[in-house]
Amino acid sequence: MTIALSTQGLCRSFGAVKGADNITVEFTAGTVVALIGTNGAGKTTFLNLVTGYLKPDSGSVLLGERNITGMEPRDITRLGVARSFQIPQLFDQLTVDENLEVAEIIARHASTASQTKELARVRALALERFGLVPQRDQLAKTLPGGARKLLDIAMAVVSHPSVLVLDEPTSGVSAEEKESVVETVIELARGLNAMTLFVEHDMEVVAQYADRVLAFFEGRIIADGTAAEVLDAPEVRRLIVGTALGADGHA
Amino acid sequence: MKSFSLRALAIAVSATLAAVAPATQAAESVKIGVVTFLSGPAAGPFGVPARNAAEILIEGLNAGKVPGPHATKGFGGAPIQMVLVDEFGSTTTQVSEYRNLVQRQNVDIVVGYISSGNCLAIAPVAEELKKLTVIFDCGTPRLLEENAYKYVFRTNSHSGMDSIAAALYVASTKPGTKSYAGINQNYAWGQDCWSDFEGTMKAKLPAATVTTSQMPKLFAGQYGTEISALLAAKPDVIHSSFWDGDLEALILQAAPRGLFKKSVVILTAGETAIHKLGNAIPDGTVIGARGPHSVFAPDTEINRWFQQTYRDRYNTPPNYASYHMVQAILGAKTAYEKAKAAAGGADPTQEQIIAAFEGLTYESASGKVEMRNSKGHQAIQETAYGTTKMVKGQLTVTNVKRYPADMVNPPEGVKSADWIASGFKR
Amino acid sequence: MPQRMLAGLSVLVAILAAAPWWMPPWMLFIASGALAKGMAALGLMLLLRGGLVSFGHALYFGIGAYAAGLLVLSGITEFLVLAVLGTLATLVLALILGAFVSRYRGIFFGLLSMALSMVFYGLLIKLQSLGSSDGFNLGGIHLLSIPMQGTAGQVPTYLMTLVLSVLAAIGIDQFLRSRYGLLTKALRDNELRVEYLGQSVRQLVLLNYIIAAGLAGLAGVLSAVAVGHIGPEMAYWTTSGEFVFMVILGGLGHVAAAFVGAGVLSAVQAVAYAVAPNSWQFIVGASLLACIVFLPEGLWSLLKRFGRRA
Amino acid sequence: MSEAVAIFLDGSIYAAWLFLVAVGLTLVYGVMKIVNVAHGATYTVGAYAAVSLCGAWAAGGGNEWGIYLPLVLAAPVVGLILGPILERLFLRPLRDEEETVLMLVTYALFLILEDSVKFIWGVDPYFLSEPYLLPGGIDIFDLTYPVYNFGMLIAATVVGVGLAWFLSKSKSGRIVRAVIHDREVAMAMGANVDRIYLAVFSFGCALAALGGALTAPTVSVIPSMGVEVIVLAFAVVVIGGMGSIIGALLGALLVGFVRAMAVHLLPEAELFIIYLVMATVLLVRPSGLFAPAEARKI
């Protein structure tokens, strides 16, 4: 079992608040890992540290054997780590197709005509997979929430990353669409054999798709294991699940 | 249908521009393009007074009311028509406006240019378009020292004269001067004026030393710090070629701080301020008018007529820029009439006017003007400086010293800077 | 539609190429200047497409002009040499300054650019040997044996400016259609995402910055040749402002828009000078305001609408 | 010794003047994210308003020492008239445009206002030197300083302290600060952004006009007097960090002292020293010395 990604003693604070408090963790290649925790627990901070948006105060991030601590997002991306965002980061003035084209151009550096043609074919497939074909010539700013989310993820996947980082892929997605979004994404990730990290508040989704679950609280990992183990841990029930599920009436 | 609309647009644009062009003028009148600042900071002190002077002089000439040697109507009987252009805007704009005047408006003569950058840029265009162009105010010695032009004349002395005469005034009225300082605007005019003044001081008063040379940005407006530096340096004499709002601000800010009491301040272009600022200028300030203009002008018939007519129309006396304008138009008129006489009374060609203009000597409202330098294209003239004194609430200029043209202008063929450096060798 | 646009533009270029035979000389001079400035505006448009406005672009306009001026002073009067070396000088400087400037965004990019151009302006004012604020004349420039100045040189200079403008427009058009064009557009929308797709934003900005600078430099050389005089005001912030104005006036829709903006502004200025010498600032300001309010995508959008309806 | 004192005094006086003309600019930027080029024209209008008001005061036989009243009154008059006109007619409808487009809008307004000044007051200069000359001068070491300059120092202090007090202590001030910090959150919490923008912009105009009015007695009042000022004010605000009041203060002090040193010790450098300081500060701190931090949520 190869280690795709690992961190060693990762720390980062914002003033008095500890966003990441000595996080040491390893991720096996090809696994799907869910991050759970309340707002402000440090999930997004962890993702931002891994993908280079934030620089750690101390500690290190390794991609396979390679130390990527403190590297710029673009360099980390080039090494095979792709991410999507809690608030979709799209090119609003470009069409859906062009959004993907930009992602492809950057990932593949196409220059010859035949390469360009090949890219267009791949793009068409991606649009189909994400169900964006009807909107392909629409400007991104006109898309509804669910489609924005999908396009955001589709752009991340274009580069065939070895590590895929998804920040709340289902937030802003309607209840009916949720299932199919997660289904599509996870299937794709498994198809790429990419190690997938995703932040999720819906415990049913977590239970259904994650091979492994990490529970965050105040910048620390308070539980780590299979979905069943973590969701049943008393500390997790008390601090996270109770609050997250209580509202939905599933507790 | 795109092609149609674009072509239509192109045609419409050219039609609009062409519509602005007036019909060709009556053959017998002389059309003069007058270029001077109508907007921007130089409009108030120079541009507008020059325009005013052009207006009343041309009206007077056309009516045959100008007394003295210039009594003939218009230019040798031909009425004068004036086309006015704003000098404000980039040099490129000025070149393009000049082409407009010559090629679209078909003027016979262009009279204009206050800014040195503009007159330098216009001169080669005048040569290219072969159009008689009389520069009336711009100061840079480079205009006719660096190039020989056939079509370009300048009827005022260049700025070298102002600085040389200023230093001579110091040498004669304050021979004991041990130290001097300068405050000049940081652009070509200010830099040239200061280096010429400094050069002349070194030749005439070699023992005197420079304490500080302040070079604030053009149009800076706030001179508190510079004034402190000048006060602290305690020079006997301070030289300044400031003009316009900058000059007025300097006077307003420096006078209450006693700068004018502690040092003798020479304002080489100070004349424009005395009409507006009057009693704010402290006694003992040395004032120049870039030639024998305005308060230094001779008491002749034509000067009295000009002073009176100008005051009557504009409720203020004409300043040296007004006199420069009068001098330029009268120069062109004299050359025109001389050429006409030589041609036996026929309307002279441009070539004939130019031949008559070269080396011409004539009377303006400011006295005698000799087109002597730069192969007869550059005027030389006497100049004067004087000291202000308040008499019964009225600012007067006393202790006036006049400097003959030869004393303050380089000999033919010698550059102003070289002449100064040579210690004024003849 | 693209075919029609191509046809329309070809006709426009043909009309402009025939200008020496239908435009009076004074108008030809304005046209030369407008084309040269349009070229500088074209570069600025490229930057603007990437979301950056420079209030100091005249720096490179001035560098090109002064590089040409220095060459003329040292006795080199061959236009091709001036154009190549003048542009090269701007490219080198843009590479150096761009390394710093490309870190900045939004208003800071604009103001830092302005500060740099003003430092250059200050240096020129200080250089008394180069005429300080008065600048100096450059004459005798020729292309091989064809004069580029004086009466005989007006048409060759105009045609050369037109040829280079058309080439620049085609070049930039191709560039915009290439992957870099799309990336530039993406850049304007969302830099963060561009970075997270693995592309260095700075590199992209730098590339655009250098191209824009080169165009401005070449425009500076052409302007210096056409006017026959150069001065520090070429690098002053108001000149930069004029370029920005041209881009906004024309719009970002098409490479030709920059030239439309430059042409219209030059025409408005010429007419305003003739008709209202005392209130042309008011007219220029009001038309800028009207353009932003009523034509947020510039005059180009108007032409496009007009063309579609016809 | 006296040179050091002179540099200190000249630097402080110049800094006070800079702060007065720049503080409105930074406040408007902080709240509205508008780089207001028209600030320079408003400064000019303030100077002319002061000329007219003081002229009316003198003509009406007002007390000689009372002339400072109409002088200062020019600020609220201009702020209350010009501010709402510009904000309501031009800036509010275009509020959602990009920063650079808004800057161009204000540039257009600048051109229009400057010509309007010419239409109203003409191109000939006005002089309003009485308030400057009235209090006389005082000798410090061997240099004479006009008392009026120290009045500028006091005015700048009053404006600075008043603004600081308003923003930190009063309820409206806290709302304004909330808008500076995060417009969306402030709106969500019920801040009336329309009203705040109108008030802040008008207040910014009043501050610009105050700068112009207080400068008027020391210069000749001409239509183009605002051109140089706006560039200077920009430099100060950028150095200090756009939108920061304390930054404007420190920017003004930095520029004031550096310039005073240059003038006294190295006059040659005065021409571009300010731009050099600006470029250097930006190279070291890309957002200026005290830019309010903005973290982007992703």
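We call the chains A, B, C and D, going by the order they appear; numbering starts again at 1 in every chain.
What we mean here is this: contacts are C-beta pairs under 8 Å (C-beta built on N, C-alpha and C of every residue); 3 or more make two chains touch, one makes a residue touch a chain.
In this text the structure is predicted, and so the values were computed from the model without any measurement.
For the pairs B-D and B-C, the larger set of C-beta contacts lies at B-C. The greatest centre-to-centre distance from chain A, using averaged C-alpha positions, is reached by B. Inter-chain centre distance (chain B to chain C, centres taken as mean C-alpha positions): 35 Å. Centre-to-centre separation of chain A and chain B, using mean CA positions: 74 Å. In whole angstrom, the spacing between the mean C-alpha positions of chain C and chain D is 33.
Residues of chain B in contact with two or more other chains: 39, 186.
Across the assembly, chain D contributes 118, 268, 271, 298 as residues in contact with two or more other chains. Along chain A, residues 89 each make contact with two or more other chains.
Every residue of chain B that touches chain D in the complex is listed here, in rising order: 39-41, 43-44, 48, 186, 212-217, 219-222, 224-226, 228-229, 231-232, 244-245, 248-249, 252-253, 256-258, 276-277, 280. Across the complex, chain C is touched by residues 1-7, 9-10, 13-14, 16-18, 20, 38-39, 84-86, 89-93, 95-97, 99-100, 102-104, 116-117, 120-121, 123-125, 128-129, 140, 142, 147, 186-189, 191-192, 195, 218 of chain B. The touching residues of chain D, when paired with chain C in their complex, are 35, 90, 93-94, 97, 99-101, 103-105, 107-112, 114-116, 118-119, 231, 234-235, 238, 242, 268, 271-272, 275-276, 278-279, 282-283, 286-287, 296, 298. Partner chain A is touched in their complex by these residues of chain C: 179, 182-183, 185-186, 188-190, 192-201. Of all residues in chain C, those touching chain D in their complex are 53, 100, 103-104, 106-108, 110-112, 115-116, 118-119, 121-123, 125-126, 192, 237, 241, 244-245, 248, 278-279, 281-282, 284-286, 288-289, 292-293, 296.
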